[in-house]
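Worksheet: the structure to be examined is printed underneath.
The first chain written gets the first letter, and so on, giving A, B, C and D; residue counts start at 1 in each chain.
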Amino acid sequence: MINFLEVILVLILLTVLLSLGSTRLVALVRIMALQGVLVSLTPLLLKGHGLASLGAVAFYVAMLAIKGVLIPAMLIRAVKSVSIQREIEPFVGYHASILMGLIFLLSAVFMTNSLHLSLPEGRALILICAVTTMATGLFLMLARKKAITQVIGYLMLENGIYLIGNALSQHHSLYIVEFGVLLDLLVAVMVMGIILTNINHAFDDVDTTLLGQLKD
Amino acid sequence: MLELIFLLPFAAGIAAFILPTVLGRVLLLATAIGHLTLGVLGWTGRLTPLFEHFFGASPEGLLILMVTSFIFTCIAIYAFSYAKESELGAERVFSGCMLFFLGTMSMVTVAEHPIVLWIAIEATTLVSAPLIYVHRSQRALEATWKYVLICSVGIALALLGSFFVTLALDMVELHEPLSFALLNSLATQLDPIWLKVGFSFIVIGFGTKMGLAPMHTWLPDAHSEAPSPASALLSGALLNCAFLGIYKAHILMVNAGLGEFSGNLLVVFGLASMVVGGIFIYKQSDYKRMLAYSSIENMGIIAVGVGVGGVGLYGAFIHLIHHSLIKSSLFLSAGNILLAFGTKRVEQVQGLIRSMPKTFVSFLAGFVGIAGLPPFGLFVSEFLIIVAAVRGHWYLSVAIFVLALVLVVAGAGRVVMGMSFNEGDAPSGTGEKFVRLAPAYVLLLASVTLCVWMPESIYTTILHSIQAIGGFHG
Amino acid sequence: METLLLSLAVVLAAGILPLLANRLFTPIKACYVVLTLLGCGWGIYSLWPLMQLSVPATYTVAWLHPFELRFSLDALSSFFLIPILCVCPLAVLYVFHYMDHKEERQRIGVHLFLFNVLVAAMAMVVLAGNMISFVLAWEMMSISSFFLVLHEYEEKATRKAGYIYLLFTQLGALCIFSGMGVGFAFTQVLDFSALAKLPETAKLWMFCLMLFGFGSKAGIFPIHIWLPYAHPAAPSNTSAVMSGVMIKMGIYGIARFYGLLEISSPLAGQIVLVFGMISGVLGVVYALGKQDIKKLLAYSSVENIGIILIGFGVGMIGAAEGNLPMAIFGFTGGLLHVLNHSIFKSLLFLGAGAVAKQAGTRKIDLLGGLMKRMPLTGKSFLTGSVAISGLPPFNGFVSEFLIYVGAFYGLQLGGVQYVFAMLAILAMALIGGLAAACFTRIVGIVFLGEPRTERTAATQESGWTMTLPLMLLACCCLVIGLWPEPFVQAAFRAYGVMQANLQLDPAQLLEITGKMALGARIFFVLFLAALVSRKLLYRDKVVDSGPTWGCGFTQGTVRIQYTGTSYALSMVEFFRPVVRLSAHYTGISKIFPANPSYETHVDDVAEQALNSGLVTPVQFVLSKLRWIQHGHIQLYIGYIIIAILIALLCI
Amino acid sequence: MASFLSLLLALAAAPLYPGIILKVKAFFAGKKGPPLLIKYYTLWKLLQKGSVYSTSTTFVFKLGPVVSFAAAVLPLLFFPFAGNASLFSFHGDVVLMLYVMGMGRFFTVVAALDTASPFEGMGCAREVFFSTLAELTLFAILILFYRLSGSLSMSSFFSEGNTLTLAGASGALIVLVIVALFMVLLTENSRVPVDDPATHLELTMIHEVMILDHSGPDLALIELGAFYKLFFYAAFIIQLLCPFSLPLSLLNIIFFFILLALVYTAVGVIESIMARFKMNLVPKFILTSFVLGFFAVILTMGVLQ
């Protein structure tokens, strides 16, 4: 089991690095879909968790559907509706971004080791993975011009948080609460999608540099 | 059934999407009154939660609930006329989202489970986003985008913080349903590191929503672009809800013996907000933005008040109540001015005293209130917070606090006095109307009343709210 | 005590009258005046028995549950209540004819309401018996006076004045809050009672904060900047009360907290004394240089605040060094000067208001010859000017004399205190001389000589409600000057409250006062005798009239009269390092020069320093910091990340 | 009794002494000069006359001479002539004296301003400025006296113990004081080199120009007042010069009145050998007197500590 878990975590890290290096929006969304699926799978592979009840089953199925299918589909639609410009347009170049990803990974490892947290066995990697994902999510928001990339960055941040919350915590959360969180996420991405479409209509582009009129 | 408090607006909101717009306006008002009634029932303890794992009536929550409900009622009356005058494009969306907004905010106030609280706060962002975009301009779009994205990121961090706190609970190896009560009862056993990390993220996360600097950046944009009733609601009610999240976490920290850490953090962020408010209020050229920055500054004051504790805590709650009343009144007045002049530029609005005398009175009175002068209540809270801060030996903070307040008065005074008294042309837009004036006056009057006579139950509720972290003399 | 508060309620009620029912303009105004007079009269009447009590009368009422509003009346409060309850009704009476534009009735209604709020708030400041009631009353006072200043909001200068006043008042209030916080930090109660138990450094800190806060209200140099703006901008009834009474609330605060803190270090006294000397001397020098009557009077208020503070400073040093006569004379003189100044300054402001209203200008160099046209106003104004110059046998001399005597007692001390006492005396001497110069200038140029414009020549005496208060106040000046004993005694009793821990014996004070008063009376008798003998000498003499001796010029016009500006110029130039005199001269260029002009004005050095040293840099920094809100969302998310990193580092 | 007598004598003799100045000046000029009693004649002549008042003036103009006269008389009531206790005295009477003289000046000035004459205004401006500075000197002297004698009344300066004389313990300081006081005397009484009472150009006058429009008994009151003022200062200086400790008070009084002539002679000599200063030098002159007084005060710090 643990092997599987580690495989998945490594895959997540891989998606993270890939997302930093990808140049096309569609590719990026696909990577995010993969990451969503992987992240949804992690709790199943953990000790103590599992498909214990009907609620849990429903929850995991819903999560898989939302993170792996629904949200990426929405994003793909948004990307398609956006005009020809499908380049990502970074502030920070791709190579530098990948380098940053490695730095995030290193610092996550360093942090986890230096904190001497009383974590259950095998969970250190989850923490590393989660921190890297979160940092990369924030980094994507900062370093990319397109508004869609920021939604993707937000999603990645959420994935990281989810890893920490659902996978690291042993606490038997109430699934209904988790479901609420998930629903919020879904609605958030929907709202963002709607705004993106509107932005596209209003500005003929989703470049965030155009969204800088409101300032002092 | 306590849950009715948010279920009723939800139901009404769905109805408002379906019903014709005129009925939507009536529904807005009817729901407001119904909500106020429910609020009073909840206040008197007649409503018990159905899902007590998730919901419950805490004193601080009830306090904010009542403020929200009262303000919403006034705003609903105002919106009745405003929606007509300003020709909102999608009025159904407006009415519906207003009601959803009320529902989500009510949910925040009765949430007893950290994650449920988080869900509710994130939900407030999502349902209020359409409110900001009602005018469908490019600027509104930009504001909405920033609002949604920044708040979402911020609140995501708050979720992380909440997870860290839960993680701290995991270390105790206890298997009981999570709730604030449980956390508080076990506070001393929790791992301080996780709590500190968790609290930091919660402050930054919910602080984004509350408008604490440097995470405040969405706030002026959103407040200035939203239609005035929505801005009033954002400023008068939403920020309080975010504060509630921080406050509950602070209670936990104090119970865990980490009150000093959390207090320091709050004071630092509070002061930063005050300074930022001061910087941007000075020479502000958009009066709605000015009001927004003033909200940032006042949230800073509240954060400082909570951070310094003791009578400052009491002051913070007084400040919260009065700020909500006065600021929403100001936004409503600003809405009237906007309707009349058709511009948010300060230099294009002149001679209110001649052209719009009644709005002038409410606007100027609001300024007096927000500047911390009697007969409005903010001067009591500012006094108490300063006094408490000196007692806590926060000398440098007191200096910054005082200077920031003066800076704010300098900036706001320049704007308000210029708008009120300068020579200028009469406005071309719609004139003053009783329906749009009365709410602003009622809100101000409420603040004055609370400064002269405060009902016993409000006082005891505040005391109960602050009891958990040392109370009045702590 | 209840009746006293009730009388204040009557005053408030009288104010509501014109606010609500201003349609019937004149009758309502009359009702307002009568009711306010009755209220204040009742207040004085109910004050009398309370003053006889040996323990302070108190009245408490719960407020907003955790607080209680406490009002208590001791000798210090009642001493400060006297000007409030005596001068304010006169200013109210004055209003009847002063504000007679029916078309502005709404605005006047608001003004009158706020005026009475101000009166009641000042009384409450003086009566306040704990911090929260003090703060409440103080803020009420600030806000009402702020709107009173804004009365003529059409003028740009008025708006500027209101703005500056608002800033200073707010800064001052917040400093007072902080000072009270120091008290609260050690006593744990929002009460006045235990302040004496504070550690000495805390006392000094608290006192300095209070001094700054109250000083900004009182108009201590260099935080006096709002005064010369606000007083000219406000209508004269307001400026009379603001300058005559309200700024004394700052003095009251200083006196009250000095008394409560029981400071034993002479440092407090030295600080107060230094500020007093600076305010006194520079106040009068600037007053000399000013063109606008009300601006001149405003600076003169700064000067008189300086005199009061010199008295207090001398007293504080005396008390700290155990030199009791010094303390008694200094404080009693300072306190008495509070009363005196409230009388003659309100007299002068009311007079200046009458002049401005009737002659249509406040510029000294455009006026002239008003004594013939407004005889009653002129005579009262002359009396007030003599009194404010501190000349016997008027009241200003009494208080200044006591301060002199106190300061001379200070010469017995050694070392630094000797120097301070000496400087105090010299400063007083300088102030006295310059004040006389300043007020001969205003009386001479404005009221005497010939009118300098046609508009001025057409001036007429104002209505009786405007002249009657002036004459009453003028009588007060003479009465206190000739029979100062009861007033000195009242001031001494007020001082007794401030220094409850010392055994004070008023015998010496009363003896010297009595003899001094005798001297003043002798002078008065001498004057009367000279007057009578002059009458006798002129019996059966030929008295003729003709033009003024023109020293060879036969066709002098009114324009060749000496102007107020040139009158003061040499003295102002003497103080050049601290008084910036800027001249603007167009020069004569052509053979037939067309209207060359020469202008001078005196700029306030404190204001300039504040502008160049604080306001401009702060504005610059603020404008740079506005970069924070740059408009790009990436930057904003960056802020969040930075905040996280900082918060995490703090752990 | 002796004090009352000497007061009467002083009041009567004050107009005599300015005659001495004239005589001295005449002597230097090689003339015979007017008779000693010239001032009495002048006063008498003025009292006989009526007056012409400018149409610009008001009652203030008539009040001026009266107040200034009363103000000039009062200090003499408090003055201990020849060491005899004064008629009235109390702790602080010197302050009263100075302020009463200020009162006189106030009314002289406003009366002058009442005439609407440019020259009189000019004189007023100079008068108030210079006397302000002179007052500083006087107060510096008072500080010194208080430091030396511990009292604050003219009477106790000179009657009880008589320490404040040249012959006293702090005679060195008194020298400074006498010089300073003499300079104040010249200033306050409009004497050369500050002002020239005999000049004929109004532009250059200080005191004389202020009373240009007064005539008849009014002028007489002013003149008499001026004599008293000069007398007061002269008496002050004489008291400092000499202790007057002769056994018989009558002898003391006679001695005193004779010595007074010395001061007037000195004034006369100065007036004969000096020209008046340029107007902008006058403040420096007065400040010099202040510096002298202040210097003496500083010295006492060292002496008494």
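By definition in this document, a contact is a pair of C-beta atoms (placed from the backbone, for glycine too) under 8 Å apart; a residue touches a chain by one contact, two chains touch by 3 or more.
What you see is a predicted model, and the numbers here were worked out from it, not measured in a lab.
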item: Chain labels contacting subunit A and also subunit C; value: B
item: A-B compared against B-C, more contacting pairs; value: B-C
item: Subunit A and subunit B: spacing of chain centres that average the CA atoms, whole Å; value: 31
item: Gap in Å, rounded to a whole number, between the CA centres of subunit D and subunit A; value: 99
item: Chain centre separation in whole Å, for subunit D relative to subunit B (CA means); value: 77
item: Subunit B and subunit C: spacing of chain centres that average the CA atoms, whole Å; value: 43
item: Multi-chain contact residues (two or more partners), subunit B; value: 145-146, 149, 153, 157, 193, 220, 280
item: Subunit A: positions in contact with at least two other chains; value: 138, 141, 150, 211-214, 216
item: Per-residue overlap in subunit C, given as positions that touch at least 2 other chains; value: 626, 629, 633, 637
item: Full enumeration of touching chain pairs; value: A-B, A-C, B-C, C-D
item: Contact set on subunit A toward subunit B in their complex; value: 115, 117-118, 134, 138, 141, 147, 150-151, 154, 157-158, 161, 164-165, 168-174, 177-178, 180-181, 183-184, 187-188, 191-192, 195, 198-199, 202-203, 211-214, 216
item: Subunit B residues within the subunit A interface of the complex; value: 53-54, 113, 115-116, 118-119, 122-123, 125-126, 129, 133, 138-139, 141-146, 148-149, 152-153, 156-157, 159-160, 162-164, 166-167, 169-171, 175, 177-178, 191, 193, 220-221, 224-225, 280, 284, 289
item: Residue ranges of subunit D touching subunit C (in the complex, touch as defined); value: 47, 49-60, 62, 65-67, 69-71, 73-74, 77-78, 88, 90-93, 95-96, 99-100, 102-103, 105-106, 109-110, 112-122, 124-126, 128-129, 131-133, 135-136, 138-140, 142-143, 146-147, 150, 152, 202, 212-213, 216-218, 220-221, 283, 297, 301, 305
item: Complex contacts: residues of subunit C adjacent to subunit A; value: 626, 629-634, 637-638, 641
item: Residues on subunit A engaged by subunit C in the complex (per definition of touch); value: 91, 138, 141-143, 150, 208-209, 211-216
